[in-house]
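Each chain carries a letter (A, B, C and D) given by its place in the written order, and its residues are counted from 1.
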Amino acid sequence: MWAFIHKLGSPKWFYAISERLLPWFWVAAAALILVGSVWGLAFAPADYQQGNSFRIIYVHVPAAFLAQSIFVTMAVAGFIFMVWKIKLADMAATVMAPLGAAMTFVALFSGAVWGVPTWGTWWMWDARLTSMLILLFLYFGVIALRGAFSSRDSASRAASLLAMVGVINIPIIKYSVDWWYTLHQPATFSMTSRPAMPMEMWAPLLIMVLGFYCFFIAVTLMRTRSEILRRESSKRWVRELTMEVS
Amino acid sequence: MAFDSLSAFLAMGGHGAYVWAAWGVTGLLLVAVVLHARAERRVLLRDLRRRARRTQGYGAAETQVSHQETQVSHQEGHVHES
Amino acid sequence: MPLFREPEGGAWVAIRATLKRDLVLMMRRRSEVLNPLVFFALVITLFPIGISPDPELLAVIAPGLLWVAALLAALLSLDSLFRSDFDDGSLEQLLLSPQPLPALALAKVAVHWLLTGLPLALMAPLLGILLSLPSGSYAVLALSLALGSASLSLIGAIGAALTVGLSRGGVLLSLLVLPLYIPVLIFGAGAVQAAILGDGVSAHLAILGALLAVALGLAPWAIAASLRISING
Amino acid sequence: MSLRLQARKLACERDDRWLFRDLDLDIHAGEIVRVEGPNGSGKTTLLKILSGQLADFEGELYWNDHPMRRKRQDFLANLLYLGHAPGVKAALTPLENLAWYQALAGEPDAEAARFAALAAMGLAGFEDLPAGQLSAGQQRRVALARLELIPRPLWVLDEPFTAIDRDGVAALEGRLAAHALRGGCVLVTTHHALAESPALRCIRLGQGGDDAAL
């Protein structure tokens, strides 16, 4: 068991195994996103209330899912790094943060654009959007803190700790923002929570969500591989590897 | 198919601007993430290769700088106890 | 003198000594205690000037303004929480003492709250008058601030501990800490609003208390871990 | 009493270069171990690792033949560390500074002991002045008064002679020797040459200019 975990944590081993996995995730991500896009944009029926503007859901919701999942994954990776000192986990957490911030931005942007036909305004302090905005700030904090330290080890541990503190706070923030929203804006129309979406509507959504997750895994694997090369550039196996390539 | 024609598809029932803006920005960002990851890897490999070649090349030719660099692996530590 | 004596005084002695030391230190640098209060008053003065002197409008936004201004004032004083200890080397001594670090960190945070959060809470009703805060909500304002600012001090101390080793940690500190302050702000300002509307405030205060309990349970360990990271440089 | 601090295969990497590598140390009671080396060779870093402050290193530390991780509390109860910065609060008087250290170390709150420690450091008459009004050398002496005040067998001192006048240096050197003679143990970095003695041992850290190759 321990041997397995440590093998899993070995950058060299990970570099080899991820090379074989990576193409599959790229293909899966491309295929799922393509199918989901065509289905969602062209074939899914229009919403009876929102018409075709509802098709924004197929990018908004997957991005929002990913934005939250990436933060949680980042915190878990930070925990693994702090407890078992597995540097690979920290390398993954490093490359995840910007992607998570990008996804949060996508969710915010698509939500804001969606707001124009739905609410007639570019920005509404909707509970979901507000939570997303706070999540974006949390991402900025983690990225900025990592960049502020001169020692890489301290930077990693500080960022891991902040991610863990953040992930404990996310449910609290979400709950309090929901509560605050219902207090101030009772009974406004919510964009995404609706009862009983027909299958032709949610199937492409599901495909898009899966596609986004595959995309996240593929990008993280690829960038973690780069991060491994960067951090282990003085190790013999990396040197030999770069010689081989050249 | 939820649309009768291509123009209807592009118009999205009057909401075309919003739908295409949201999708467009999302698509651009995904592509940008992929391109960035690829560029990052390419630059990194180039730097690593250049560094590897430099240490190799100098070692064959002359100079002490590279001598130090390539020999390091044989000098185990620089610590002496007295 | 003997070569070695087993530490006799337990953690409690060390905590009391740390409390006393920090209190004495703060009392000798009174401006550090007064500055957040002056800042609080100043910010509150800016709003009627910037928005409108209309009492009715001010009364509507007063709970939120008071809470936000108090929160910023508390944030302002956070940067110095561990800074001087870090600069003069006391912090590494604190970390090397054979006492539980979370408890010692908690003592420092307690002093911070006592000399920042509590005075802000006591001062808020005065500023509430300036903003024509409806009567009946003054006690709730002070109480919610007193309760909430304890959570703010605890959460903020994590950020202060993470940034203490950085030369320009001030702005970064606010970036790290402010998003985490939002739940406290929501329920704190909510309590005052509920008092104005005549709703029950006990639910809000109970949630503020729950947030404080969670912060008390987790923050000391996070602060201790952060300090250990920061001392590594 | 037993007193043994060991390090095995200690290695520390900073900014892609090894400060030191494969460093084995064995420090016993009755020894004065001086860590030498040019600026930037990692003396302070080594002291911080050995005093359990830095976690970012490779290798193992042992305290009395037990892994340090498990004996940390016991180790800290035996350690007296003096860092680069004296750890003296400028706004507090020397007495108040020492009182905090006494409580932190779990010592009984004895004012007479504090007065005696300050007097031993040549600070009689300065006990009640804010430390900020003292000179740098006097502030260093306030920090050094902890050596007199708190009975700890293992002293880890980073440049303790900084800012101290000649008489003070001699007195401190005598204090280190006496501590070793009584069965204590001193780990010290200094640019000042310590007098030869059988208890004295030197550890030299190299230039540290290597590229981090494996």
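The rule we apply is simple: a residue touches a chain if its C-beta (ideal position, glycine included) is under 8 Å from a C-beta of that chain, and two chains touch if they have at least 3 such contacts.
Computed from a predicted structure; not experimentally measured.
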Open item on the list: Using C-alpha centres only, name the chain that sits farthest from chain B.
Closed with: D
Open item on the list: Going by the touch criterion at the top, tell me which pair is linked by more C-beta contacts: C-D or A-D.
Closed with: C-D
Open item on the list: Just the number, please: Cα centre separation of chain C and chain D in whole Å.
Closed with: 35
Open item on the list: So the centre of each chain is just the mean of its C-alpha atoms; given that, what is the distance between chain B and chain D in Å?
Closed with: 46
TODO: Return the distance between the CA-based centres of chain A and chain C, expressed in whole Å.
DONE: 32
TODO: Would you mind listing the residues of chain B that make contact with two or more other chains?
DONE: 73
Task: Junction residues of chain D - those touching two or more other chains - done: 55-56, 211, 213-214
TODO: At least two other chains touched by the same residue of chain A: list those residues.
DONE: 151, 153-154, 236
TODO: Flag every residue of chain D that touches chain C in the complex, lowest number first.
DONE: 1, 51-56, 73, 76-79, 81, 83-92, 96, 99-109, 130, 148, 151-153, 182-184
Task: chain A - residues contacting chain D, complex - done: 151, 153-154, 234-236
Open item on the list: For a test of understanding, state which residues of chain C touch chain D in their complex under the given definition.
Closed with: 1-10, 13-14, 16-18, 21, 24-25, 28-29, 84, 87-90, 92-99, 228, 231-232
- [ ] Provide the residue numbers of chain C that touch chain A in the complex, in ascending order.
- [x] 158, 162-163, 165-166, 169, 172, 175-176, 178-180, 182-183, 186-187, 190, 211, 214, 218, 222, 225-226, 229-230, 232-233
Open item on the list: For the complex, give me every residue of chain A touching chain C.
Closed with: 82, 134, 137-138, 140-141, 144-145, 148-151, 153-154, 157-158, 161-162, 164-166, 168-169, 172-173, 175-177, 179-180, 183
